[in-house]
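Mind having a look at this structure? Questions to follow.
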Amino acid sequence: MADETTPKDQPTPPQPEKPAETPAAKANAAAPTTEAKPAETPAAKADAATPPKPTAPPAAPAKPAAPAKPAGPTPQPWESEMITTLKRQYGSGIKETSTYVGQKYMVVDPTVVDEILQLLRDDEQFDYLVDCTAVHYPNREQQFDVLWILYSFPRNERIRVKTMIKEGDAVTSATPIWETANWLEREVFDMFGIKFEGHPDLKRILLPDGWKGHPLRKDYGILQQDTEWVKINLGIESGQ
Amino acid sequence: MAIAPLLRKMFMVDLMKGLNVTFRYQDPKEVYTEQYPLERPAIAERYRGLPRLNVNPDTGETLCIACNLCASACPEHLIVVGSQRNPVTKRKEMTTFTYDVSRCMFCGLCAEACSTDCLELSQDFEIAQYSRDDLVFDRERLERGSEPTVYTR
Amino acid sequence: MLDYITSYFRSTVTPGQANNQFWALVYILIVFGGVSMIVMIMNWAERKALAHMQVRLGPMRVGPHGLLQPIADALKLFTKEDIMPAEADKPIFWFAPVWVVVVAFTGFIVVPFGVAHAVTDMNIGLLFMLGVSSLGVLGIVMAGWASNSHFPLMGSLRSSAQMVSYEIAMGLAVVSAVLMTGFLGTGMYGIGEGTASGTLSMIGIVQAQQAQHVWFVFKFFPVGLVAFVIFAIAMVAETNRTPFDLPEAESELVAGFHTEYSGLRWSLFMLGEYAAMVAVSSIAITLWLGGWMRPFASIHGPSIAIPFFWEHPELGIVDLVSYLVPAGVLFLLAFFCFFNALRMPKHPAMRPQVIGLWALGVVMGGIGLVLLVPPVRDRIQDIFWFVAKIAVFLYLYIWYRATFPRYRFDQLMRVGWKVLLPVGLGVLLLTGLIGLSPELVTWIKGVMLWR
Amino acid sequence: MTDTSKPGFYEDAGATGTFLDANEMVLNMGPQHPSTHGVLRVILKLDGEKVLGTECIIGYLHRGVEKIAENRTYTMFNPYVDRMDYVASVSNGLGYCLAIEKLLNVEAPPRACYIRVILTELNRIASHQLWLGTHALDIGAMTPLFYTFRDREEILKIFEKYCGARLTTHAFRIGGTQYETYEGFEQDVKKFCKFVAPKMDEYEELLTTNRIWLQRTKGVGLISAEDAIAMGVTGPVLRASGVKWDLRKAQPYSLYEKFDFEVPIGINGDTYDRYLVRVAEMRQSLRIVEQAVDSIPEGPIMAKVPKVIKPPVGEVYVSIEAPKGELGYFVVSDGSTQPYRVRVRPPSFVNLQALDKMVRGALVADVVAVIGTLDIVLGEVDR
């Protein structure tokens, strides 16, 4: 196994400290890696598929993200032998391969994600599934990002595999590939209501079985559940 | 089997070593207990305990300028600052100040936000009250500051 | 009637043997009270000693240094709500703690605290004691069953299996000691001075050690010692103490067989457990550590005479000193009380405690003075040595508890069956072989000559 | 002897055996149980004392930390992370701050990094000490608990003096640390290092060679390196299985590359090896602390971070080597003052998943030992 993992190849090199006070200064200092491409104009960047770009944040007190604001580091294309192989094999199944502040991620099509994960483990030595999680974007057509964070002990490399699915769609479970996916997927199901096909025991894990809704969805209010639960179970008005 | 480990095992040297440690510790000098109400623990200067509103020691006036920074810094939103514009000086003055200690997690963000060193988390750690309502501190209670409990028998 | 009562003072045997019902009853009450007292002191001492081993202070609030803590605990347990699970088997649930206590105390009938200080002496005293002490497991099984709950059930099953396996090793060790009573030689390797039929009487066993001038723990060294160690291990297992406290292993079975018990019932279990600890310690002391005898009981030193105070021409100065030890120990305790009373904080709130400590010191000193009175001294010193030895054992119990982790069930069984049992058998065999070696040699010679 | 460990044995016995071996018992261990370290509930299927299967029911301490994060600003959420793994709150805070710093693309100044390393390593010692005490208590040895708590107290005193709280420290801020070291910090830390080294020998005297301890831990809760990796197990549990992987070495953060330390690994992957690995880790942490406190540089303790933290749109995953394993924060920013999503990758949660694999076929007492050796904190499992 990865007995002698040395910090030879550091996937997350410390970034040069950069002033982040003024938006004007940020636009120029947008290059986190050496082979930086010229910074795009803010308008063009808004069109570029920055993955976690919510068109409008949900009914939260946060102000809507101004399109000109995010002028920090931008995703850079991620090229490597592995990517070439994968792209050759799956073609349009791999929608994007980028690095962001030195962290590599790929966006793949939900139909091929299980094959890619299997391949990443078997051929590319990504033997450790660090985490499986999801993000909810209620205003997008494909509401959910489902992410797998992978790590390879032999390569000392960490990547993220991301796919986007619609509400109600199911993802193929990674449990046959990594056993650890079992509870992680159960948690995603618990919190987001995303179904994993082929999961041995897909049920709620942190919340009680009778819980209504999936709390980490953006349209899930903190108070509604509490109010209702308190009224039903304690017979009093919630103090929240 | 080598003879030395066998002998060690037979004479239970491993167990004796442990017995020796516990026996040595019976020395009353090793006792680490603090007899709490009789001996007060030494509280660090930076300790984040019950909140206090500092007043100017000379004039007795509050240092608070009702800037509301503490309320907006609080993750639990448990500080409510009531303010009023003084018609004479045209300055905002704090009228009421409520601090709900029952929900406080003593993170210290409010005290860090305070620009006049008025709100401070003091070294008072004896927080227990008889009712939850007593834990909602008003201005008067906050300015009175810590009331170290005196124990009598 | 008065004559019937006072006539016992002239006898040097137990009230049972003297057939004095009155004194037998008194002795029963004394033993019951005394053992309960030991249990209470043990309760305090355990918490205190354990605390100090664990760099804590232990009870400090109720009375000076928590001396009244056992009483406070007892009061609390008496007044606690008595909870009986709805699904429990009620009569058995009620009976189990009673059984445990009754059995634990019954064994004390034959424990010889002194040559004349037992309720009675039976010719099968040892057998009676072992039999009664192993009945205690029945109470534990009853408690576990009647609670109708998983953890107690598992605890009681563990307990019964444990008792069965350790009783065998214990029995073998005991038989080896009983065998030694039959070899009449004196000293550690005294052999070839004839044999007699051994005895199962508790007093008889101590008297055998007296006659042979050796505690059996040193007889046929190291055979007696090994037998004693086997017994010492098995007795910890018998009383469910660390490292063999599986039936009540709190980190696994919550509280084992007494999980569902609370208040007074629970305290009865505790009383039973501690009384059983005293009982098995008494067996060990009687069999191997010379019972009521003082250390080096066969050394007397030059004889000395002090009018009215020391008129034992057959005993020497060493005896005089040892006869004064009980009073000396009590004076020492009194001194500690006074010393600590002076060192108490001068806070007015502490005044009752200081006064209490002074009073305790005065009481201790008073008892010490009484113990100097020659008739009292002569009659009481046996008991003192016996109780002192018990205290050593109880301290060992505490010490083990502070130090050792807990065995797992299968390992416990392995220690019992695969280590203690074979070693016990070997010890038994060796005892016989060594004790009978002259006869054996003669026999072998005879066989050879016959050839 | 019948091989009861053969799969399917019990099912067969139920069909063909006598009524004696057809009885299975279901035992609910927890949520109120002395050694489930909080509110873990383990349902055990037992044959006598033998464990046929387990199921963990968790969530009794679920507070919705990830949902809270979405309703707080970046600064405000910082104290909440302390409440996940409350015995290693400094590590939690460090991971969170590093993640947000990554998102902001700033780096803490070296002095802040050194202070962070000292506190984090002290916290690792404290966490391991708490683990050792409670683990030994689970196995029945009472006394190490008090010794370790006494020594942990010294660490907590340093925390209290440094940042004003003992347990939920909130020691670090995004961009550095809030507090400058107090007067006498270095002396306190050095004094602690000198004080605790012989105490660690004492823990070992009590346990390492004790035959009962050896019997209770050797060969118990075995997990092979392959299984450990497949189960995503990290931290000392993984290292005890022989995988030499420590994020502090593999992907150094917070200037860990400047310190000289070793990564202890085990061979067998049993409870005893995990014990040895953790004890060795405590000593290595002491080494790091000593190096750091000797060479702590002067300088600012806070990077230039705007008062209102508004990271650019983006997502990062930053993980650190917490005492329990890999503690990761996956943070999605939408450019506003509040995180769009914070996902915590809790080491305890993932490690706990391996429990079933490790205790199948063992005895009830081993379940307790294995729960102890996994070093779970329910605050982190349930979040």
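Note that the chains are named A, B, C and D in the order they appear, and that numbering of residues resets to 1 at the start of each chain.
The criterion applied here is as follows: a residue touches a chain if its C-beta (ideal position, glycine included) is under 8 Å from a C-beta of that chain, and two chains touch if they have at least 3 such contacts.
Quick caveat: nothing in here was measured; it's all calculated off a predicted structure.
Pick the pair with more C-beta contacts: B-C or B-D?
By number of C-beta pairs in contact, B-D is the larger.
In whole angstrom, how far does the Cα centroid of chain B sit from the Cα centroid of chain C?
Whole-Å distance between the two chain centres: 50.
How big is the gap, in whole Å, between where the Cα atoms of chain B centre and where those of chain D centre?
Chain centroid spacing, chain B to chain D, equals 26 Å.
Take the average of all CA coordinates in chain C, do the same for chain D, and state the distance between these two points in whole angstrom.
Roughly 46 Å separates the two chain centres.
Just the number, please: Cα centre separation of chain A and chain C in whole Å.
68
Multi-chain contacts in chain A: which residues touch at least two other chains?
none
Where in chain B do residues touch two or more of the other chains?
Residues 15, 18, 21-22, 32 of chain B each touch two or more of the other chains.
For chain D, what residues touch not just one other chain but two or more?
Within chain D, residues 143, 150, 206-207, 210, 212 contact more than one other chain.
If every chain is a node and every touching pair an edge, decide which shape results: line, ring, star, complete or other.
Its topology fits none of the listed shapes; call it other.
Which pairs of chains touch one another in this structure?
Pairs flagged as touching, ordered by label: A-D, B-C, B-D, C-D.
Which residues, counting only chain D, touch chain C once they are in their complex?
25, 27-28, 33-35, 49, 136-143, 145-147, 150, 206-207, 210, 212-213, 215-216, 363-366, 368
Which part of chain C faces chain D closely enough to touch in the complex?
50, 53-56, 150-151, 154, 158, 242-243, 245-246, 249-254, 401-411
If we count contacts the way the header does, which residues on chain B are in touch with chain D in the complex?
9, 12-15, 17-18, 20-22, 32, 43-48, 73-75, 105-109, 112, 121
What residues on chain D touch chain B, complex-wise?
Those residues of chain D that touch chain B are 72, 75-80, 83, 143, 150, 153, 157, 160-165, 168, 170, 178-179, 182, 202, 205-207, 209-212.
Once bound in the complex, which stretches of chain C touch chain B?
49, 52-57, 60, 345, 349, 399-400, 402-404
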